[in-house]
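Heads up, the next two complexes both have chain A, just with different partners, chain B and then chain C.
Up next, the complex of A and B:
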């Protein structure tokens, strides 16, 4: 039974939605059965693909940049008081700022195209990666490092072959949080800077009072988020199967 | 030979205030091939002393000399074994043992041979593909010992290596360590607070007192080798030493 738990919950939610839609009979709450054809049409006409691709491209670009810079920075922060001294205040300052609030400024500087959106995604997802990377690297048992040092491992080797793998479980929790934040920022940036993408689709449909379409795109976004998170979760478990079990933290949105 | 020349360690407290003197001018010569154990009450700084010899923690004063040369940090001539095992959890037993050989650029085929040799030595051949979290404490410490022996350090620095194990496993590993030592005759600097363990294993015992840590007595263990547990436990000299050192520990605590 427990195996089917998620399916049962999903079915119950859909049923609730269907019941609410049928009871309220308003245009702004179409039933799932009414949204379904709209969803089908989105994919059948191929309309959605261009926006999906545009959104995913920005998310991926921001994410790759964030991993490339955030992982080394986080690890260095965890291991060097000097680096931490510079980065910690920045982190403390920017972490609580709602990144979407920066979008207008970035738009002024970087234009209304991909660049401003990639930048805002990058800024948003880098922070949790740096933060968790730092936590992971700082918590590495010193005796692992000593053992390697005695074997002749140099400082760079220690960072790469000891600290990085040892921090991986914590680091990947940060990446999971970053994926959720990345999706949020991806959608909100596309809502604010209307050009294309899934966030644009949602608001555009809404403005034109095409509520069924609005709901259909929201379903696409929700499924996308679920698939990305579930895929990453599988990857994370494969990469850290060796780690002693710990309570998994639920990712929190921003 | 390893020479401790007036080694001191002082900690400055994080909150300010008087610095704490952990070790006070400790001098000793550790002969090649000797099994030397440092015993002392907890907090006497015996582990700190070992970390200084390993080059992991800097001394505040004095020097550690290996073959007459002051050490500059850790080195493969001094291999540590820690109470916490400190295995690399993302590596299998085999990969753990192999790590130091790779770091020392030992050719692949030779490294593989050496790892097999060590897996046999510590009776872990059939567990080679397991990860540390799948092993018992005793097996973990066997892997740690094999990992350190792999790169052939001249000296083993053992920091309460059997402290986290149950009595039965501890006795077994003590016997295995003695067998290995009889064969390889490495210098061993061993830390413990177990007096009977110290007497059973060592050629020489340094008894430390606390606050600040200092060597209070230097005792030669004149018991025959190779040692067999049952014989030794009945040996009057063994009992004498255990009682004598135990009494010293009581008065230094």
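Up next, the complex of A and C:
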């Protein structure tokens, strides 16, 4: 039942959409059955692949950079009051800034290419990773650290073998939030700049009054979000099966 | 006290000073990075200009309308779904499907079906900001100590009375935390909606500045919307502390 829950919900949502489309009978709200052939054509003709690749490449690049810098910084923040005192106010300063909205400014600095879009994704996903990394590392039980030290583990060993694994559950929650935020920023920056990528596709199709295509690309984005989140969630559960499950942490973010 | 506050956020002051010095050093053209003092000065001027204030009011209206709907509906849906077995069974898969969906991707659908005015933007804020509120309400309502409910029921409180007088107050600390998150999301989303489909509002100010390469004016709307998010967040934190002295 739990396994098939999302599928049942999905079927119900599609049925609702179908009913709304059939009731409204307008060109701007096609039914899912009318969108399906468009979706098929999108993949069969290979039209979507270029934009999908462009979008995913930027998301992945921004993400890898964020993990490489955000995880060490977050853990450092959790373990050192001096670093935390420096970094936390900066996090608080950037927290309410609409990161995707910085894209026109970054384009002035870094040009109109991929670099500005990767940077914007990097900036926005680093924040939750650092924040949750800090929470995780700060909550590590000190007795574990003392015991390891007493048994002769070096500082680096404590970091790698005690603190990193112990902060992993919290850290991975941050990564999950970051995935959702990364997607949002990816799509919205492509909608603002309109060069390529899935966000561009959606608006381009709408501007050309190809409404079925608009909906087809939106479906692609929705599936992408669900698949990325569900895949990561499986990985997260496997990596932290030993940790108590926290229910209230479902994906949201902006 | 002010001195201590300043010392606690010395890194922010350091960053602003570095920005100012770097921008004034001549190493970068002013058009790329205006000094922060100039940005703040221009922000002050903008806040005294009628057209800018009108755009700010437009944005604020959409933001607050969407947030209010998100809070009302989010609490109602979250708490009610926690009351029945069926509701609890539907809730999690629904959030697992709709949560990771970047709601901004639905914005074109909202534009096509609801028109190009305020409504699609308010609805976009609603569908984005509702999640943290609804999640907090749902899980907090489920975590309420059953004994409290039993006692209230035994003392003659109706099921509805239980929800309103026992569950809702007990869940309020988490709900208010959810609302804080939702407020910042609402600020971000309303701004993005105005940038993606410009017309009016603060996001439109940003797009117009970007198209005309007026770099200082590009920073001004960002400063204002971030300030708005910060103020809302701080106010809600105050409300939370005032209202929930008992919750610790």
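Basically, the second predicted complex is superposed on the first by the 246 of 254 C-alpha atoms of A that agree within 3 Å, B and C clash if a C-alpha of one lies under 4 Å from a C-alpha of the other, contacts with A are read in each partner's own complex, and residues count from 1 in each chain.
Following the convention adopted for this analysis, a contact is a pair of C-beta atoms (placed from the backbone, for glycine too) under 8 Å apart; a residue touches a chain by one contact, two chains touch by 3 or more.
Treat the numbers as computed from the prediction; the structure is a model and nothing was measured.
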{"item": "Chain B versus chain C as contact partner of A:141, first or second or both or neither", "value": "first"}
{"item": "Contacts of A:242 with chain B and chain C, given as first, second, both or neither", "value": "first"}
{"item": "Contacts of A:199 with chain B and chain C, given as first, second, both or neither", "value": "second"}
{"item": "First (chain B), second (chain C), both or neither touched by A:108", "value": "second"}
{"item": "Contacts of A:221 with chain B and chain C, given as first, second, both or neither", "value": "second"}
{"item": "Partner chain(s) touched by A:151 [first = chain B, second = chain C, both, neither]", "value": "first"}
{"item": "Greater residue coverage of chain A in the superposed arrangement, chain B or chain C", "value": "C"}
{"item": "Chain B versus chain C as contact partner of A:183, first or second or both or neither", "value": "second"}
{"item": "Chain A to chain C touching residues, read off their complex", "value": "1-2, 5-6, 8-10, 13, 24, 28-29, 85-87, 89-90, 92-93, 95-102, 104-105, 108-109, 179-180, 183-184, 186-188, 191-192, 198-199, 202-203, 206, 211, 214-215, 218, 221-222, 225-226, 228-230, 247-248, 250-254"}
{"item": "Residues of chain B touching chain A in the complex", "value": "51, 54-56, 73-76, 78-80, 82, 84, 86, 88-91, 99-100, 103-104, 131-133, 147-148, 151, 153"}
{"item": "Residue ranges of chain A in contact with chain B within the complex", "value": "141-144, 146-153, 157, 162, 165-166, 168, 242-244"}
{"item": "Chain A contact footprint on chain C (complex, rising order)", "value": "8-12, 15, 31-33, 89-90, 92-97, 99-109, 111-113, 128, 131-132, 135-136, 139-140, 174, 181, 184-185, 187-189, 191-192, 195-196, 203, 206-207, 210, 213, 215, 218-219, 221-222, 225-230, 233"}
